[in-house]
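Here the structure comes first, spelled out in structure tokens, and everything after it is commentary.
Chain IDs A, B, C, D, E and F follow the sequence of writing; residue 1 opens each chain.
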Amino acid sequence: MENLLSLWHSTGLYNFTGGQAFMMLVGFVLLFLAISKGFEPLLLLPIGFGAILSNIPVAEIAHEGGLLYYLYYGIKMGIFPLLIFMGVGAMTDFGPMIANPKTLLLGAAAQFGIFASLLGALALNIIPGLEFSLKDAAAIGIIGGADGPTAIYVASKLAPDLLGAIAVAAYSYMALVPLIQPPIMRALTTEDERKIEMQQLRDVSKAEKIVFPLMLLLLSVLLLPSATPLIGMFALGNLMRESGVVERLSNTAQNELINIVTIFLGLSVGSKLSAEAFLQLKTLGILALGACAFAIGTAAGVVMAKIMNRFSSTLINPLIGAAGVSAVPMAARVANKLGLESNPHNFLLMHAMGPNVAGVIGSAVAAGVLLSLVK
Amino acid sequence: MENLLSLWHSTGLYNFTGGQAFMMLVGFVLLFLAISKGFEPLLLLPIGFGAILSNIPVAEIAHEGGLLYYLYYGIKMGIFPLLIFMGVGAMTDFGPMIANPKTLLLGAAAQFGIFASLLGALALNIIPGLEFSLKDAAAIGIIGGADGPTAIYVASKLAPDLLGAIAVAAYSYMALVPLIQPPIMRALTTEDERKIEMQQLRDVSKAEKIVFPLMLLLLSVLLLPSATPLIGMFALGNLMRESGVVERLSNTAQNELINIVTIFLGLSVGSKLSAEAFLQLKTLGILALGACAFAIGTAAGVVMAKIMNRFSSTLINPLIGAAGVSAVPMAARVANKLGLESNPHNFLLMHAMGPNVAGVIGSAVAAGVLLSLVK
Amino acid sequence: MENLLSLWHSTGLYNFTGGQAFMMLVGFVLLFLAISKGFEPLLLLPIGFGAILSNIPVAEIAHEGGLLYYLYYGIKMGIFPLLIFMGVGAMTDFGPMIANPKTLLLGAAAQFGIFASLLGALALNIIPGLEFSLKDAAAIGIIGGADGPTAIYVASKLAPDLLGAIAVAAYSYMALVPLIQPPIMRALTTEDERKIEMQQLRDVSKAEKIVFPLMLLLLSVLLLPSATPLIGMFALGNLMRESGVVERLSNTAQNELINIVTIFLGLSVGSKLSAEAFLQLKTLGILALGACAFAIGTAAGVVMAKIMNRFSSTLINPLIGAAGVSAVPMAARVANKLGLESNPHNFLLMHAMGPNVAGVIGSAVAAGVLLSLVK
Amino acid sequence: MTEEIRSGIELMFAGMGIVFIFLAMLVVAINLMSAVLQRYFPDRSSKLLFVSSSIDKSTVAAITAAVHQYRSKHY
Amino acid sequence: MTEEIRSGIELMFAGMGIVFIFLAMLVVAINLMSAVLQRYFPDRSSKLLFVSSSIDKSTVAAITAAVHQYRSKHY
Amino acid sequence: MTEEIRSGIELMFAGMGIVFIFLAMLVVAINLMSAVLQRYFPDRSSKLLFVSSSIDKSTVAAITAAVHQYRSKHY
């Protein structure tokens, strides 16, 4: 009898708190989005599952002694996001960007979303009950970078409590890029602008592709050392890819290693989706600001392209400016799709890949600025 | 001269203790069983090798500063068995069980072996020199779960000193399933019962397979949170498999990740095969109780099938009850083989897969009970 | 303004020290050697990149909180080199050595390079400003083993400060084997000796290949336990390969696992290439002694073969003695190439593989001696 | 009968009870789920496994080879 | 306007400034690099991607199959 | 001659001695093992490596293709 009572007292049903129940629901919603809607399933499936696991009453899987507690060290020490970034570097082809370097400026402009939403977060402090520190605001702004590992890396350093909400917002909005971007892109461009055909990209030599990651790293070393963990691991991955002499390492970095780390990273991020941290007004603020960040970044990229067209004879289709937010490769595909709508013979995909990968660099640079100036 | 003497004093020959020599022999026997007899080589080869390495005099590979000491943290923290369980989940097809859910009850009945041998361990305390605590008894009982990672997980929490012997017993008896089970199965069934043909299983839809792991997890959350680390990681692996949206994660979980962890887990388990811990009367008790656990579990599964046939018109071939101990997929194959002996047209394999995977769930549930009630 | 100043103060340009700049240059040179010259790119690319990353001012990637700091634990605890050694074991075919066991003696002789350069290091202490302790000298000598993981393992235990320079020397000279060895081999052999054709190797049975790693381990346990971490993991890898029952573990050990660990090991070794540790007279000494070690080892192997020919009727081509330094498989290829030059029908490759893999065992044994006698 | 044995027996009843309750509830839950899903999402993709192909084998050989060659060149 | 907002605005200007300076310098550096490399290392290996093969497909089929069979036996 | 050099020389003799003893004992052990195993377990599976196949290549092409197609559909 005593045993039975102690059993009942150890059930989840007896111990559930409302917050835990709600957060498990959030986890199931993320799983639904990942599986049924195809929202960035590689990340949102483990994150959603991690959210469920970490909110199970009694089990304490995210507390000392539990699996997610130990896995989280990989984020706390910055290891997981950097390894993923290395893998992404090994998957990235900088050819289109090297062939048309001025598209880098589109990737720069699109980072405006980061700083605008940082400012927005500070402005939201006028709402009673909301209190974002400068660190919080910076971590929220980085959602606008549209780059998962960068967002997680910055948030883990500046605002670990907000990590769960920030990662969820970042990946969700990346999945929503095909919905968020098109109206903004249409509103800011004329039909004629969307019809602009761009000249074919030149071939980029192997030597250029090998030298590029080293040059990128060197520039970052000289100007912005705080960005070098991110940019360095990215450049390492890319160098392994392009050098051609360590194919087996490059393959492992972009396959098994990134897969293993993705599972661990997702679960650990999910472990930060606790009721105390997530069920706050702040989370709504983060979600709202994240959406603004994406929208503003998109707009800034498009506008930048239009400005550049004023000063140059070889025109840029402003649609590819939107790809500057990164969200590789969805944003580039969106630009391609809208281009085809206006001109069925206009394939913008390769042209959009330039600002797209430039956006990854841009947000890593922005992350470096935030990590070095926000204290 | 001094140097030579100090060299001689540093040889293994000079420093060997009888216990170490015996344990290295145990390691070689495990290697022999793994390589020549095909006894669960994926685990017993690394375990046997770990036993040899950890018993080398002077080298102290299982002590602080040695490789096996550090690898063992993966077990101590519960990481390795849970990751293996995730991989097993990603390899498991619950289709046959979902098609015929009442076979789950066979998987429940077969867990009787766990609790019977738990009781047996306590009863053995009447033998002078044997002293099994309740925790020890629970860890020994779980051998009857016929599931490696579950046994290791429970033993590492409740009786880490017995971990080596328990893991060796669990994997050895799993390899011996084709010898242990048939006589019991024949003794408890009539020729007519063994001839029973079962109706063909219906197709199970993708949606059912996706929802199942989530339902399983939810039930475990509500009823038995202490089982959720095991069941949760198992469900995660299965969801990755069935969802179809994270194929690369699922492949990595069931290949490279599980392989890497298997090597580490085996070596770490082997490092617990030290003379002090293994060369005890307790070990004989564990081996004897483990065999009983398998035998009783097999019998319970068969008897349960016969009981269910009393109350149902669609008959179950009681041979598949034996598959309820899990030991996937050997136990199911044994059932199939015995079925074919009695009726050459009776393929029981798919029918036996239902109770077989149900047995995995059943022993994870039993593990949860033990972890929550034994303190 | 203040912000701008603080930004300028946070740039790499402002904070660079001469030492850091020089070490980054060293890193770039290593990358150049790896990519353009094909110098052991699998290791030298990550090592070079690690050298760059760890010398970035401000970022402190090799200090607490940085990625390379945490990765270095894998070396500090001896985990990475041992896992690589396991993978190398899984890649090694001992067939040619078992078919002609006396070639083991060539692998023994070639280890003379280790002890000669150890002595050389102690002798160099007469140069003012150079101060090599016995531990330093032993760690330097092991470069002559021509075996990366062994050198890293020994250096991490005896002289972690010299680890960077030692690893760089070891891998660089391994890449230079085709330049270092031929003149020595030609100088010590006559044209007639180089023309010696060796009798075809017999087939080696599967049973012999399975028993060999166990015998090797056992011998090491009895004679030299301090070598068992290295030899044990090597034997484990080889047993996984030859046993044929754990093919999936063997494949993972020689592919994904070794690739992942190679990336981590390379980066961590690179993190030890700091200006304070590297920009010393010691480094020049290490580079000079390393070259001597390779040269002396090569000579010793060749001379040993000639001595053996005095006492045996079945002649050995002394060129294969040079392969005894290990540096698998380059040294064997060098022997083959020189043999073909003297006799176009004389394929020595398989004959040279015997002393080549024997050299791996030989240097692991020498490592065991150093680890047990040098304190 | 010692105290320990008594608690062992209690554990056995509690344990087997929970195992049975758990798996029995899972039976119910699966039946419920299958009923609901088969009604509202009646896909049976697994059937496709048994559809056999009737394309001429030599055509297949040519296609396979072409794909292989294409991949090894273009990927 | 609070102190915090002010530092936020400062951060925005500093941040966007650095991002633009960084990427603009990268544009310059890439242009420089491409000029130098195209002059001194004028390889264009990527062109090879567009060279199409004209070997008879059935020959290829035979070769592919042979290679496969060889590998599965001899490796 | 310093104390250190002396211990270095001692180390050299001890080290080379052990290396030679170890590998020489390994030679003996291998010879022993080979003698025993070749007598009692005279398998020579590696010979199989040199058995070449004489199946008609086009038959192989068809089989390979069929296997490929089967796998891609049924696995």
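As a convention for this text, a contact is a pair of C-beta atoms (placed from the backbone, for glycine too) under 8 Å apart; a residue touches a chain by one contact, two chains touch by 3 or more.
Per UniProt, the chains are A, B, C = Oxaloacetate decarboxylase beta chain; D, E, F = Probable oxaloacetate decarboxylase gamma chain.
Worth saying up front: this structure is predicted, and the values here are computed from it rather than measured.
Enquirer: Upon optimal superposition of chain A on chain B over Cα atoms, what rotation angle is obtained, reported to the nearest 5 degrees?
Expert: 120
Enquirer: Please state whether the interface between chain B and chain C is built from the same residues or different ones, using more than half shared residue numbers as the mark of same.
Expert: Comparing the two copies, chain B and chain C contact each other through largely different residue numbers, since under half are shared.
Enquirer: Between chain E and chain F, what is the gap in Å from one C-alpha centre to the other?
Expert: Roughly 41 Å separates the two chain centres.
Enquirer: Per the centroid of Cα atoms for each chain, what is the distance between chain C and chain E, given in Å?
Expert: Their C-alpha centroids are separated by 34 Å.
Enquirer: For chain A, jot down the residues that touch at least 2 other chains.
Expert: Residues 3, 7, 223-224, 256, 373.
Enquirer: If a residue has to touch 2 or more other chains to count, which residues of chain F qualify?
Expert: 11, 14, 18, 61-62, 64-65
Enquirer: So in the complex, the part of chain B that touches chain F is made up of which residues?
Expert: 3-4, 7
Enquirer: Chain B touches which residues of chain A in the complex?
Expert: Residue list for chain A touching chain B: 3, 6-7, 10-13, 15, 24, 28, 31, 34-35, 38, 41-42, 45-46, 49, 52-53, 56-59, 61, 65-67, 70-71, 255-256, 259-260, 262-263, 267.
Enquirer: Inside the complex, what are the residues of chain E that reach chain A?
Expert: Touching chain A: residues 2, 4-5, 7-9, 11-12, 14-16, 18-27, 29-31, 33-34, 37-38, 41-47 of chain E.
Enquirer: Can you list the residues on chain D that touch chain A in the complex?
Expert: Residue positions touching the partner: 10-11, 14, 18.
Enquirer: Under the stated contact criterion, what part of chain A meets chain E in this complex?
Expert: Residues 95, 97-98, 101-102, 104-105, 107-109, 111-112, 114-116, 118-119, 122-123, 125, 134, 137-138, 203-208, 211-212, 215-216, 219-220, 223-224, 358, 361-362, 365-366, 369-370, 373-374 of chain A touch chain E in their complex.
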